[in-house]
Amino acid sequence: MTDTERRLAEAEERLALLEGRLARLEDEAAVTALILSYGPLVDSGQAEAVAALWTPDGVYDVDELLMTGRAEIEAMVRSGKHQRWIREGCAHVVGAPRVRVTGDEAVAVCYTLMIVRAPEAGEFTLRRATANHWRLRRGPHGWRVTVRSNRVLDGRPESPELLASGVGAAPERDA
Amino acid sequence: MTDTERRLAEAEERLALLEGRLARLEDEAAVTALILSYGPLVDSGQAEAVAALWTPDGVYDVDELLMTGRAEIEAMVRSGKHQRWIREGCAHVVGAPRVRVTGDEAVAVCYTLMIVRAPEAGEFTLRRATANHWRLRRGPHGWRVTVRSNRVLDGRPESPELLASGVGAAPERDA
Amino acid sequence: MTDTERRLAEAEERLALLEGRLARLEDEAAVTALILSYGPLVDSGQAEAVAALWTPDGVYDVDELLMTGRAEIEAMVRSGKHQRWIREGCAHVVGAPRVRVTGDEAVAVCYTLMIVRAPEAGEFTLRRATANHWRLRRGPHGWRVTVRSNRVLDGRPESPELLASGVGAAPERDA
């Protein structure tokens, strides 16, 4: 092998490493963007687009409501209850997610705040603070949610458990 | 063409692809960082630095106030009203933005929460939850805001419309 | 030097530039992920994992409490006061941070919201809105916090000062 061939082979190895590292960052950014689009879509009542964040058989498991498949998620957005929130003033604020990608699967954890207008007070009220655990999968059309589990942080043990399982293994102690 | 030349040409193509993909991630990160610097700058009263987030003729369109150009944005930060909020305790929390970059233009959508101290209650009050739509442009000194439009989420139709236009086209249905 | 050698040398230069730029984005993402893992860890009571976000001699400087070293941070999480918050319903929401990496050091600024359930009101209350300034260092096991300083945004001058020092120098005026 000539010196030129050796350098070329080394450059090809560096390229492959860069491609893998960059793809990982792109995946994390795509998962983050998908999660952050939930609030704007649901608060503007775009029922089909909300549902399309999930896989066709995706699950959205909220405290008081288990939705399976896109039709049930769309129905939640079109429901009189949700439409009334939009009309009266409402923000589903999805916090910055902590994302872990492993191949074609991802897990994310974040908080959501449901904020509603309190007309009598002239201000806004924090109706719910909720632990969110997201499972996502890469498919032919990009990343989609397979299971999103929400539990309100009102002292029920499942909520801290969701946070713990979403944030993943503790970092190695280096002391 | 020799085998070495063929491999070198292929490596050059992979480099060009990587450079383009990396630049896109860097642009998204730069736009995100600019947006996230608004809160710390405005809550510490840095009027010039707040205004410098915009282009010289940039627009900041808030419900009750239309600011055009940096001088008007600076004046808002220096106003007695804003300075009183800083003195009495205030947080302009800008949520994680959903950013789309297209060449030298970008659009972002996010929520902002305006939080003020309520001394009598010994706690904090959510004064406003607001839909934010940002247009940005890359110039000779990097990314700057050209138009930022805020509408409070109190049921007025413009607010969900801002969210919808900021989050962009719905993802393709893949069912 | 042949044409092939010249092109190879140029490709090697582009590789080195890409590696540096990608490493910077990875660092920013790693610091962001570390900061965003604080809330889920502390709200699920994982005392050791919370402490392991800091260097062994790391400092967590909160208004009413100065913690030095991991044992003191662990003790805060295990304290009766913190455990009661978890049992009664609580969210330590860490906002999306603005991060600046310089070699093996990083500075970040963000807001945190401490939200507690108000059982009598059937809702949640914003107990604190706080300015956060983080210093981090890269060590043999990755990024760790060296000093995190929190000051509640209740009008005390240190809080805007923390935000100002965390967001860094104002962007260059380009007018």
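Per-chain numbering from 1; labels A, B and C assigned in written order.
Convention: a contact is a pair of C-beta atoms (placed from the backbone, for glycine too) under 8 Å apart; a residue touches a chain by one contact, two chains touch by 3 or more.
Every value quoted in this text rests on a predicted model; they were computed, and no experiment measured them.
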item: Interface numbering overlap (same over half, different under half) for subunit A and subunit C; value: different
item: Fitted rotation between subunit A and its twin subunit B in degrees, CA, nearest 5; value: 120
item: Inter-chain centre distance, subunit A versus subunit C - centres from mean C-alpha coordinates, in Å; value: 20
item: Multi-chain contact sites of subunit A, meaning residues that touch two or more partners; value: 4, 8, 11, 15, 18, 22, 25, 95-96, 125-126
item: Residue ranges of subunit C touching subunit B (in the complex, touch as defined); value: 4, 7-8, 11, 14-15, 18, 21-22, 25, 28, 95-99, 109-111, 113, 125-129, 131, 152-155, 159-161, 163-164, 166-167, 170-175
item: Complex interface listing, subunit C residues touching subunit A; value: 4-5, 8, 11-12, 15, 18-19, 22, 25-26, 29, 32-33, 36-37, 39-41, 43-46, 48-49, 52-53, 56, 70, 86-91, 93-96, 115, 117, 123-126, 139-142, 144
